[in-house]
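Below you'll find the structures, each written out as structure tokens.
Both complexes below contain chain A, partnered by chain B and then by chain C.
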Partner chain A sequence: MTMNLFNQFLSPTFLGLPLIAIALMAPCLLYPSPAPWWQSNRWTTLQNWFIGSFIKQILSPINTKGHSWALLLATLMVFLITLNTLGLLPYTFTPTTQLSLNMAFAVPLWLATVIMGFRNSPTHALGHLLPEGTPTPLVPILIIIESISLLIRPLALGVRLTANLTAGHLLIQLVSSAAFSLLLSQTTAASLAVGLLLLLTILEVAVAMIQAYVFVLLLSLYLQENV
Partner chain B sequence: MPQLNPAPWFLILVFSWLIFLALMPPKILTHQFPHEPSTLTAHKPKANSWTWAWQ
Partner chain C sequence: MMSRLVILSANSLKGSGPFGAGLVHASRSLHTSSQSRAPVPPLPETGGKVRHGIFPEEIFQLLYPKTGVTGPYMLGTGLITYLLSKELYVINNETLSAICIFSVIIYGVKKFGPSVAAFADKLNEEKLAKAQEVKDLAMSGLTQAIENEKKEQWRVEGRAMLFDAKRNNVAMLLETNYRERLHMVTNEIKRRLDYQIALQHLNRRLEQEHMINWVEKSVIGSITPQQEKESIAKCIADLKMLAKNTQAKATV
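And now, the complex of A and B:
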């Protein structure tokens, strides 16, 4: 019984073809490129406003050297937020529930920030492993602890996104199956479950957007430390 | 948990990065951020120009 609930997260295939590729293409297909004329339509203006204000906000604490990451962060944000929110529609597949995808993004990008930091200013990068004002006897153990926390960052980044989205989808499936099975026998309980489902769906929309933002924000913070 | 099945991991990695590197950036890059048109003032506008940085 419990195993059936996780079947929704099986990477879907049809006649041997992986359908996750189509799911991943959805953000590209949904955003028409702006036309070269001066006045764009509403959808393009909205996109432009979103990308502009997001970039302004995320790059403001980063110095000028880190601004070359602007395109990467903007693309990542648009990609993740679209994948997350589209997955809330019925009968869609959310690629970001796959740990493989989230780790595939988290590990290389985190590693890039770390390598950049160690190449450009190795002393400064190593200095992050020891907070200022640490009492001398605590120094060795604190360095070990800070190194562990550094190495756990990509894992946390990937697993956070995966777990949040998986848990949300699982809850929605549980509550909706409860509501459906109770529909005829105990209608009051079923209507309460439907009310809960409505609130849950609103929560999941918020979580989808917030988790995408948190992923990119944390990456920008790791960049800020190392640039 | 089906997410822990290692079989599609490499495929998913390849596909997602392919789309993330090849298809998404052109769509984001075509967005430009020109200055708002100013009135007939002679002084220099406060904003410095910004475009997608390439250092």
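And now, the complex of A and C:
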């Protein structure tokens, strides 16, 4: 039963070819490229509006030097939100449930912010390891704690996304199989389970979008610290 | 692989002010076809018509001649029955989650679809309105400039009149000034001549008075006492005679 539940997270292959590549291309294929004419259709207008307002909001606390990250953050956001929401459709595979993918996003980007910070203003970057106003006896311990917290950030970023999505999908599988198996014998219990499934689905839609947003937001925060 | 997303993000960020720095030219290298400009066919205003949200109207039109109105629906029902009965599609727990997610999606689209479409239309309308406003302002500015120019041309025609009036003014000023100075000169000369006249008068009067005084003095000095007595006696005699005459006239 447990083996069955986790089967959905196996990276799909077909004749030895990893199908995750096709899954990862899905967001790119879904959005229309902007038209060369001046006034575009509704979908493109909404896209442009969404990306524009998202970037405005996320880059507003960052100074001008960090604005070169705008394209990266926008792309990452659109990619993650599409992958997450597409994974809610039935029989789809969500690449962001793979820890490897999320770590592949989190570690290089986080490391980039840290290296940028240490290269451009090392004292300022090291200063982040000690919060202001700590009493003197606590300083050594606090530095160690802050360094650990700094080093755990990529792990946290990756695992947060993975865990949230995996847990969500797992719950959906569990509740739906419970409802399905109860459907014919105890229909009222099954209907309660279906109600729960409905609420869970709404939650999962929200979680999918929020987790993508949180990932990008935290990256922008790390960037803001170091730029 | 993510080039489509990058192009998408780049193009949407391109127009958004200070945040779009450096993104425009990066996407140029990814353009594949050259830009063809003319003649551009007009674009359709709305998208293709669909029935029930996903099935294009063309399928219904395609099947209408052979199977009438219910044709596509029968096709759909038949397909689903076939898939279910032959167990090509197995109903399992995923079906339930599929029902849930699709009901959520359909509810969302039905409820928020029109407002989102109106919002997108509003964004486009605002863009159009801004451009229209610029165009209208430019046109009104230009018509105003034309009117101003015409007015200036009309003003130029009146310039000759202005110059004449100014010329007259200046001539009048000069004339007035000349007359004033003339008047002043006459007055000054008259004053000087009056002074000379008054001086002469004074001289003559002094001479006259002096002469009279001298004559009187000499006459009075020349009168001897003998002469005086004689003249007084004569006067008295004359007076007596006159009195006698008057008396005689009075009685007559």
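The rule we apply is simple: the second predicted complex is superposed on the first by the 227 of 227 C-alpha atoms of A that agree within 3 Å, B and C clash if a C-alpha of one lies under 4 Å from a C-alpha of the other, contacts with A are read in each partner's own complex, and residues count from 1 in each chain.
By our rule, a contact is a pair of C-beta atoms (placed from the backbone, for glycine too) under 8 Å apart; a residue touches a chain by one contact, two chains touch by 3 or more.
Predicted model, so just to flag it, every value in this text is computed and none were measured.
In the superposed pair of complexes, A:Cys28 makes contact with chain B and with chain C alike. Applying the stated contact rule after C-alpha superposition, one finds that A:Gln211 touches neither chain B nor chain C.
Comparing chain C and chain B on the residues of chain A they touch gives the larger count to C.
Contact with chain B, but none with chain C, is seen for A:Lys65 once the two complexes are overlaid on the shared chain. Of the two partner chains placed by superposition, only chain C is touched by A:Leu88; chain B is not. After overlaying the two complexes on the shared chain, residue contacts for A:Val194 are found with chain C alone; chain B is out of touch. When the two structures are aligned on the shared chain, A:Phe79 is found in touch with chain B and with chain C. Using the contact criterion defined above for the overlaid structures, shared-chain residue A:Arg42 touches chain C, although it does not reach chain B.
Touch criterion not met for A:Thr113: it reaches neither chain B nor chain C. With both structures placed on the common chain, the touch criterion links A:Ile202 to chain C but leaves chain B unconnected. Overlap of the chain B and chain C interfaces on chain A: residues 24-25, 27-28, 31, 33-34, 47-48, 51-52, 64, 67-68, 70-71, 74-75, 78-79. Of all residues in chain A, only 6-7, 9-11, 18, 20-21, 24-25, 27-28, 31, 33-34, 47-48, 51-52, 64-65, 67-68, 70-71, 74-76, 78-79, 95, 97-101, 104-105, 162, 166 touch chain B in the complex they form. Put simply, chain A touches chain C in their complex at residues 24-25, 27-29, 31, 33-34, 36-37, 39-43, 45-49, 51-52, 55-56, 59, 64, 67-68, 70-71, 74-75, 78-79, 88-91, 172-173, 176-177, 179-181, 183, 194, 197-198, 200-202, 205. On the chain C side of its complex with chain A, the touching residues are 1-13, 15-16, 18-23, 26, 35, 40, 43, 47, 92-98, 100-101, 103-104, 116-117, 119-121, 123-124, 127-128. Of all residues in chain B, only 1-5, 8-9, 11-13, 15-17, 19-20, 23-33, 52-55 touch chain A in the complex they form.
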